[in-house]
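Here the structure comes first, spelled out in structure tokens, and everything after it is commentary.
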Amino acid sequence: MIFLQVTLGGLLLGALYALFSSGLTLIWGMMNFINFAHGEFVMLGMYVALIVVVQVGGGPAVFGLAAAVALFLLGVLIYFSLIKQVMRGPMLAQILSTFGLALLLRYAAFWIFSPNFVTLPPTALAGTVNLGGILLSVSQLVAGIVAGALTLGMHLLLTRTAVGSQLLAVAEDRNAAMLMGIRPDRMQALAWGLSAASAGIAGALMAISFPFSPAVGETFALTAFVVVTLGGFGSVPGALLAGLMVGLIQALSAYYLGPIYKDIIVYGLFVALLWLRPQGLLGTV
Amino acid sequence: MRWGWLALAAALLLYPWLVAGTGSAAFLQDMGALALLAAIGASAWNILGGFAGQISVGHAMFFGAGAYLPLLLYQQWHLPPLLGVPLGVGVSLLLALVVGLPTFRLQGHYFSMATIAVAELIRIVVSNWDLLGAAIGLQGPAMSPHWWDLTFRSAVPYYYIFLGVLTVLLVVTWHMQRSRLGYYLRAVRAGERAARSLGVPVRRYKLYALMLSATFTSLAGSLYALKTGFIDPDSGLGILVSVQLIITAALGGAGTLLGPLLGAAILIPLQTATNTWFGGSGSGLTYIIYGAIIVLIARFEPGGLLELWRHRVAPRLGKRREGSHAA
Amino acid sequence: MLLSAEKVAKAFGSFKAVAGADLHVEVGEIVGLIGPNGAGKSTFFNCIAGDLRPSEGRVVFDGVDVTNAPAETHARLGIGRTFQVPATFEDMTILENVMVGAFLRHPQRGAARARALKIIEMTGLGAQAEQRARNLGTPGRKRLEIARVLATEPRLMLLDEALAGLTPVEIQRAMELVREIHRLGITIVIVEHVMEVILTLARRVLVFNQGHIIASGTPQDIVNDPKVIEAYLGRGHGRQARQA
């Protein structure tokens, strides 16, 4: 019973990992670019939720949407002011650009919000539910399901809609896409917006259940790196699968070995992955 | 530019003496030693990040290994900390292989992601391992009568030891720049595919650069531990250590010999100033500024201040002096 | 037989870029590879050069099986190649670029530098030796690439559209350089669109179309081969003839 509870809890958190990691892998697959500030996008989503709840009130739907919109705009802004230019530059510039951005966002958040852990006030999703003997918090259940659905939604957006195929066309062959009348710039900006939004919503959803501080971005970034590597370069379905797996492994490690092991096992898994199967589950290298 | 080198050497050699007369001699001498230490670490990072173009954002793992081993030997087994220095290098080289061997055959991002993940992994392990002091950390000898414990009351002896190590590192880097290793690393940075087509064993040379870089970063860590007599997971293995190494090299000019020195000369006084003026909260502000500086460098001048000088400032100065001749 | 590529095929997912091609090159030959865009020439080239691993087939160079060997092994054994889009080291000087090549056979800086300077003179880049590669125009970059590869002392040189985008005068100079390289005893395989180049330089020509070699022979044979004319050459050759 406990085993099932731990497992389910891990999968639900894993769905959240999948959601924000799908944004990271979208950018990676499309622009061959790893956003080192992605964890901070998640963190900012959490704080947007906090601000909205405190200033305006409203439930998860409201602050979830707010986080999505705010981070979408931030993503687009960052693309046009920074990313677009460093893409043409050396690797040093590309990696340092988002690495520096992460630092800037994290410490600005420390400065503005204080380093203390905070929680959202209780929402409509408070309380626990009993599923045949397994106790789960409502917020975790809802957040996990929503996150899973959104990740699937991202995948469907990319593969079943016109916009999605335009995004994929730019990822595949920029020049050919231009010849077809697609504006790569716009598509890439859109991708950044979607990527940041996915991180923002995931953050807002996690904020319902977990305390947070500006420091959490660093851990989310690393989790995202593991998930996208395990899932495979550029693969959103891969990110979904890998996110669930990482959530599960974390939960089981924490329960059976101890809380400090949850990160150790996952990062260790990452190293093993690099040695044995860098293309991950669904990618090619 | 012979006189330039001589002037620099003289300034570095005489600095402790030059500030001895001022009111805050001890403070300035200490700052000088820290600046040299920062220059060593940054120069070490520069070999891999600047010359070879492989961006490590987890170099703290090497610094930390170099810092922890000496103090570990001392605190747990009462051995002279100096014995831990080569051990630190050994551990660092091992870590370098663990990270570099699998990732150098893949695209660049894997390496960068791996460095940050492994550094964090080690930090968490050390934070929870009592033998290594867990969250509290390890301490070195207080004042000791033995010379090999390297406990000095004044910062001046440390200053000269650091200057010696920095000189060795700069000479090694200078030779490397002019040798096949240097040319091959720059080729790898400039275009891996083309480099391969010319016979450059890309993966192997990246590993050489990584191992050289890890060795000297480890030494920097050891020197830090020997001077401060204390290390803990944050000061030795935290991400801010990696940030310090990167920004010091990148601000001055990644890929140049003296860039890291310039970076250290600017950043250490700056950091000390913000810490003094803003107190505890100063460090938060420092890292906001650091983040902004790194973004600006990446966005506008990846070659750092030296490149900025060479391309934007110097030609204009040249034009003014020589009339219409292009620089 | 210096180079022997047999039944080389390369697929990207389900797309077969090269569907089985043979190439045999004797020492001292100049062999041309032509074909329309997307015919598979460059992919085939990259398989021979070690840039790509063939999905099928074998590549043997001077008795050594290099099918799965990385590009750096190819270079060390004596295969040199230039790139369709010049891949010079932009921030390094011309001399430094060529020295990277020279270091392959001369590990010491002094010897590498001396060799590089000789090659630079030979290829006509002497005046610009200390300039950064990024300051060169396309013809300069192509010339630099050739110089850089020459410094590795190859026995076989694979030239990937080394003359594309050059003016007629520059083409003449480049062709003279290729002839000079040949005189040094280097075997050459050249992928080209500029028909005049292929027809005057190459003793033997292979024609690619849709991943296959559809014809091979002397330039004269190729010009008259109806398959080739049909596939591509006819219109192109007519246009070239009017321009020449």
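A few remarks follow.
Letters are used for the chains, namely A, B and C, taken in the order the chains are written, and counting of residues starts over at 1 for each.
Please note the rule applied: a residue touches a chain if its C-beta (ideal position, glycine included) is under 8 Å from a C-beta of that chain, and two chains touch if they have at least 3 such contacts.
On a predicted model such as this, the values are computed, not experimentally measured, just so you know.
Under the stated contact rule, the graph of chain-to-chain touches is a line, running from one end chain to the other without closing. Comparing mean CA positions across the assembly, the chain most remote from subunit A is C. Subunit A and subunit C have Cα centroids lying 46 Å from one another.
Computed from the mean C-alpha positions, the centre of subunit A lies at a distance of 32 Å from the centre of subunit B.
The residues of subunit B never reach two or more other chains; the list is empty. Contacts from subunit C toward subunit B in the complex involve residues 49-51, 70-72, 74-76, 80-81, 83, 87-92, 96, 99-101, 103-104, 107-109, 112, 148-149, 152. Against subunit A, in their complex, subunit B makes its touches with residues 49-50, 53, 55, 57, 98-99, 101-103, 106-110, 112-114, 116-118, 120-121, 124-125, 128, 189, 239, 243, 246, 250, 254, 281, 284-285, 287-288, 290-299, 302. Considering their complex, residues 178-180, 183-184, 186-187, 190-191, 193-202 of subunit B touch subunit C. Contact residues of subunit A toward subunit B in the complex are 28, 32-34, 36, 82, 85-86, 89-97, 99-108, 110-111, 218, 221-222, 225-226, 229, 260, 263-264, 267-268, 270-271, 274-275, 278, 285.
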